[in-house]
Structures are given as structure tokens and as C-alpha cells.
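What follows is a structure written as C-alpha cells; I'll ask about it next.
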Amino acid sequence: MESPPLESATGFNVQLENFTGPFDLLLGLISKHELDITEIALAQVTDEFIAYIRAAGESGGEWALDEASEFLVVAATLLDLKAARLLPSGQVEDEEDVALLEARDLLFARLLQYKAFKEVAANLDERLTDESARFPRDVPLEAQFTALLPKLLWKTDAAALAALATKALEPREAVATDVGLDHLHGSTVSVRDEAENLRALLAGGHPHSFRELTADASEILVVVARFLALLEMFRDAVVSFDQVSPLGELTVRWIARDHDWDGSRVREEYDDALPVGGLP
Amino acid sequence: MSEVAGEGTEESTSPRELAGPLEAILMVVGEPVTAQELAEVLEAPVADVELALENLQRDYDGYTGDGTPDSRIGRQRGFELRHVAGGWRIYSRSEFAPVVSRFVTAGQSSRLSQAALETLAVVAYRQPVSRAGVSAIRGVNVDSVVRTLVVRGLVEECGMEPETGSLRYRTTPHFLERLGLDNISELPRIAPHLPGVENLTDMEDSGTY
Amino acid sequence: MSEVAGEGTEESTSPRELAGPLEAILMVVGEPVTAQELAEVLEAPVADVELALENLQRDYDGYTGDGTPDSRIGRQRGFELRHVAGGWRIYSRSEFAPVVSRFVTAGQSSRLSQAALETLAVVAYRQPVSRAGVSAIRGVNVDSVVRTLVVRGLVEECGMEPETGSLRYRTTPHFLERLGLDNISELPRIAPHLPGVENLTDMEDSGTY
């Protein structure tokens, strides 16, 4: 893929906190160019989307894997569409084109859905603001009435209260984070399985480019699953990445010192099969 | 007005007789109180209590209670009786917010962030929904935002998703009150001009993608 | 009526103009508020505010505002405006006390719920603490539970959090009495785990449990 022209220099502000997610960013880019979602000029918006993610990464922001993954799903879809130059007017020629059209429609559908909720959120904000001008009567109960309440049966001693406080103040167990991939279902692909496939391809052998590693992928989500698997493997220092130019060919090299590493090491949050290509 | 019958022994009570006791009770409530609860305490038919409450509401708005629409001979009060979150409660009238807020400094919650508003919107329209379900629509992890909404009393847990075992969330009565709604069905319809959105659910269910 | 002069720039305000904002404020304040305070916020002469308050009082008692003693043509309200402790506050009218009592006591339990006990424990060990602070610790909204604890006299308001302006709460002497303690420092220490005896005094002094 060619390097993107640095169109972010046109004044689009790179500040992650301005956006609440990939769809928000995409909507922002689309509205900046006064485009209709359904006639989105993919090439330009894709470049800016990628440039934005890059800049956000370089500006020192540390992205959680699950946070980045949704941006990557959107970026991968956009890139694929751009690479295929599959604009809405494109001719459908083979199955691959059909798959891309479906991916595009899925992306647009999710974007429209998000846009609808964003509008509703603005409406809620307005209502909340209007309502905050009214104050409910909420005054302490007069003593003559509190005296009438049934006498409290009190069985709690100081030790019991201390036990309750200990329990309440204990640090909570970290709640397992939900990776926002449940919206994707259909034929199942597991990140863990893909990690195992990648291990079989890479372990002890020659480096492969990411393009080679995903050449046989039937769907975009298989590509995403393999990408996530690679991120996991990178985290475990099983593979190294090499990329000469931004958005250039990504070379993956097996460097595992841990010879026992296999796909089952992939984190539990991927235990559920990564569902491919559906909506919630 | 519902025609829930009171107990057999109850006799019909005129709204005028009920007005005093109702006003007295409304002075001590800390959250919206239902006509049913009031009827039980007053030993009056629910329908009569509802009629009396509606008359009080009109009274505070400056109309007389006789039902003619142009009979605004009274004075509009500085407070109003509102039907929110399924119950009745007295509020200061919004036009006096600048002076009232000088006395009520506590309990004025800060504005919700954009992320919190969007998450609240998804929960409101998709309830009961899991955090994963909200994430799917917003495209980001929503765990901490949902926690904030729970702490602020706008959203609460309501059981588990049978398939996945993950917790589901719904909006609370406090959410309705904060929005000034009686019922969740009073929320504006979501983007009626986007027919695609309604179809999304079908697409989701069919899993054909 | 006192003749405290307002500021020179203030113009006389009619009681009728003042009635709305006064009612709005009086309906939501929890403590008696003085005519002076009201006059400052309303930017009106104290004398005018006092006159308007007296008119409101008569209005709620069922008289018209023109001052003639026998002009009881309005309806006596279920609430009344009382001048107590140097200030003004709206109360439920005393003749309706029986029905208000029935409402207040209906369904009240003689036991504290588990949620109330846990909240009480958190307040005891983290006081002074805001409701939001307790909510964040417990992971649920605690507004109504704290209200119960206040009504039960176990917990009380104690000023505002400087950063957020939200009310903070602490336990009451009645709470200590219930536990059979003289002093809050007699509560069993809960953290850090197994602290040496010598640390005890420091912890008590610093007020951090």
C-alpha cells in the first residue's frame, strides 16, 4: 500500500479525546468533507482515518488492545475498499467484489446506526439540560413524623459493621473487559485458532509478510483475527514486526525464545470464537 | 384516567375533599409517588385521586379546576405538580431556576460526557442490553462509562443474558425523572428518517454477514 | 414588619411579582430561610419580601391577599408557610398530620436493609463522604439508601465537598449510641491488614481508617 499523502495537514485536529470511537471519527471526517455517508469518498476519508490513527499512536497515547481493535476493524475495511477501488458505482465482477460490497454495506449500516444513536444522545442531553432547571421538593422529614417510624431492630455490632466495611472497601476484582466484537457473527473464526495457524506457518521458518499471511483469508474478519493474533504474539515476544515505511509491507518474523508457545496462550477474552461479519 | 376500582367499602370522594390531604402528603415525599400509593393511604378510589391530582396540577398552572380550558383566573404558582417516572412530585417552575439555584447548591449533578450520553442512549433504546451490546454499537469498550452511569443512578443491572451469562442493563426510574418522562415509551422515536436502522435488527438476527 | 432598608438602587416590587419566585424557592429549600436572604437573591427590598411572604401565608390559609380578615374565599391548602427560627419554610398543614403519618409509616420496615447497612459501614469508615463517593465504592447508586439513613438519624449532612459542591455525610451521635461506642475512633480498625498496635493512635488522629 502506498504511503498516504499527509492530508491531515489540512487542519484536521488530531486529538483522540475529541472522538468517542471509530465511528465518531469516521462521521467527523465525513461531515468535514460535507459528504453523504452513502456516497462517501472512500479514498480521501480512508487516508485521513489512517493518518489520524497513526498520529494518535505517535502522540504517545497508549491504546488498549480492545480500544484499538475497533479502529483497526474500520481501518481494515476502509483500506480494503480503497484498495479495490470499490466505490458505490463499481462493477461487481466476482465473489471477492461481492464480499467487499457486503463489507462496505455492513460498515455503512453500522455507521448509520451509530449516527442515529448519536442524534438521540444529543436529544437526551437537551432534555437533561432543560429538566435541570426544575428542582424537586426534597426536604428533610419533620421530626414529628420521623418519631413515628417503627423502632429499628438493631442487631449490628461494631465488629459486624467493620466486616461490612472491609467487604465494601476491598478492591474489586477487575471485571473482565468486553471486547466489542460481539457484533460480528456468522461463520466463526477464533483468534486462538488463527494464532495456532500462524504459529504453524511461522515457527522456525522464514519471515512472512502480513499480506502473505492473510492471502488465503476468505473474509475481512479472518484478516482482523490474524492481526489480533499477531498482536497477542507480539506481546508475548513470540514474533517481531518490521515495517520499512509507514503503511508499507509488514514483515513478521518468528523470534520466540519460549519454545512451548502455542495458540492456547492467547488471552482468555478471545475464548469465545471471534464471530465474523455480522451485526449485534 | 384508569378505572382501577377501589376496595368495595370505599366511597367516591370529591377532588376538593382530597386536595388538602394530597397537598399535605406531597410536602413530605422524596421521590415521585404513585396515585395508587396515595389512594391506599387516603382510602379513596384511585380514579378519584388521579382526578384530584390533575385538578391540583391545573390549579398550580393557574387554571381553575372546573375543566374549562380558558378559565385561567388563578395565579400561576412558583411550583408545579408533575407526573414523572410513573408518579407525582412537586417541582419548582423552571423559569425561576436562576433564583432557586442560589439556594439549592447541592445535588446539581455535572453534565454527562459525550461518551456517557451515547452509552445512555443505547441502553435506553436497546434495554435490556449487555455492555458488549453497547460496545458493538458505539465501537468502543464501554465498561467504565456504564459504571459511571450506574453510580449516578441512571442505569442499573437487570439479570444476565441467557446465552453468554453477561450482565444486562436497563434505565432506572431516576433516569425517567431526570428526563421529565413518565414512561420509557415517551422517548422520541429513534431516527425515523433513517429506515436502514430499523432493518439493522433483522440483519443482526439473521447473521448473514 | 421590620424596616431594614434595601440597597438604594432597588425599586419597590409588588407582592404579586414576588409571589412566584418566592414560592419556587420555598418549595425546595430544606431549612427555614430568612426574608433577608430571600431579598438579596431576589434583589428586592426586605420589606417588600416580608409583605409578599405574609400574603403567601394568608393565601395558603385560604384568605385572599387584600388584607380584609373575613375574605376567606380561597381554599385552605394542605401546606402552610410558617415563620420559624427566624426564617420561613413550607410544612404540611398540621391538621393533616394523621394522614401524613399514615403515608410516612406505610411499608416502613423496622430493619435496615443489607444495602443500608453496607452504606452505613462505608460512611462510618470514610466520613465525611459524599453520596457519589459511597456510590463509587459500592458500585451502585445509594441516594435513596442515604435518605433512609438520614431519616433514621444514623447519618447526617456535614457541609459540602469543596471541589464538587456535593453534600458530605457523617455518622451521628445516635449511631454511636446504637453501637455502644463513645467515640468514632473506637470502631474496629479494618485496614491496613494486621497493623501493629503502635500505629493505632496515628490512624485515629489522622481520621483515616
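Letters A, B and C mark the chains as written, and numbering starts fresh at 1 in each.
Assume a residue touches a chain if its C-beta (ideal position, glycine included) is under 8 Å from a C-beta of that chain, and two chains touch if they have at least 3 such contacts.
Values in this document were obtained by computation on a predicted structure and should not be read as measured data.
The greatest centre-to-centre distance from chain A, using averaged C-alpha positions, is reached by C.
At the centre of the protein atoms shown, by the Cα-centroid criterion, sits B.
We define each chain's centre as the mean of its Cα atoms; on that basis chain A and chain B are separated by 34 Å.
Chain A and chain C have Cα centroids lying 46 Å from one another.
A straight line joining the Cα centres of chain B and chain C is 24 Å long.
Multi-chain contact residues of chain A (touching two or more other chains) are listed as 135-139, 141-142, 145.
For chain B, residues that reach two or more other chains under the stated contact definition are 26-28, 30, 79, 90-93, 95, 100, 104, 107-108. Against chain C, the residues of chain B that register as touching in their complex are 16, 19-28, 30-31, 37-38, 40-42, 75-79, 90-93, 95-96, 99-100, 102-108, 110, 147, 150-153, 156, 172, 174.
Listing the residues of chain C that touch chain A in their complex gives 27-30, 89, 91-92, 97, 100-101, 104-105, 108-112, 117-118, 120-122, 124-126, 137-139, 150-153, 178-181, 186-191, 209.
Here chain A touches chain B in the complex through residues 20-24, 64, 66-67, 70, 74, 102, 106, 109-110, 112-125, 127-139, 141-142, 145, 175, 177-183, 185-186, 272, 277-280, going by the rule given at the top. By the touch rule above, chain A contacts chain C in their complex via residues 135-142, 144-146, 148-154, 156-159, 161-162, 164-169, 172.
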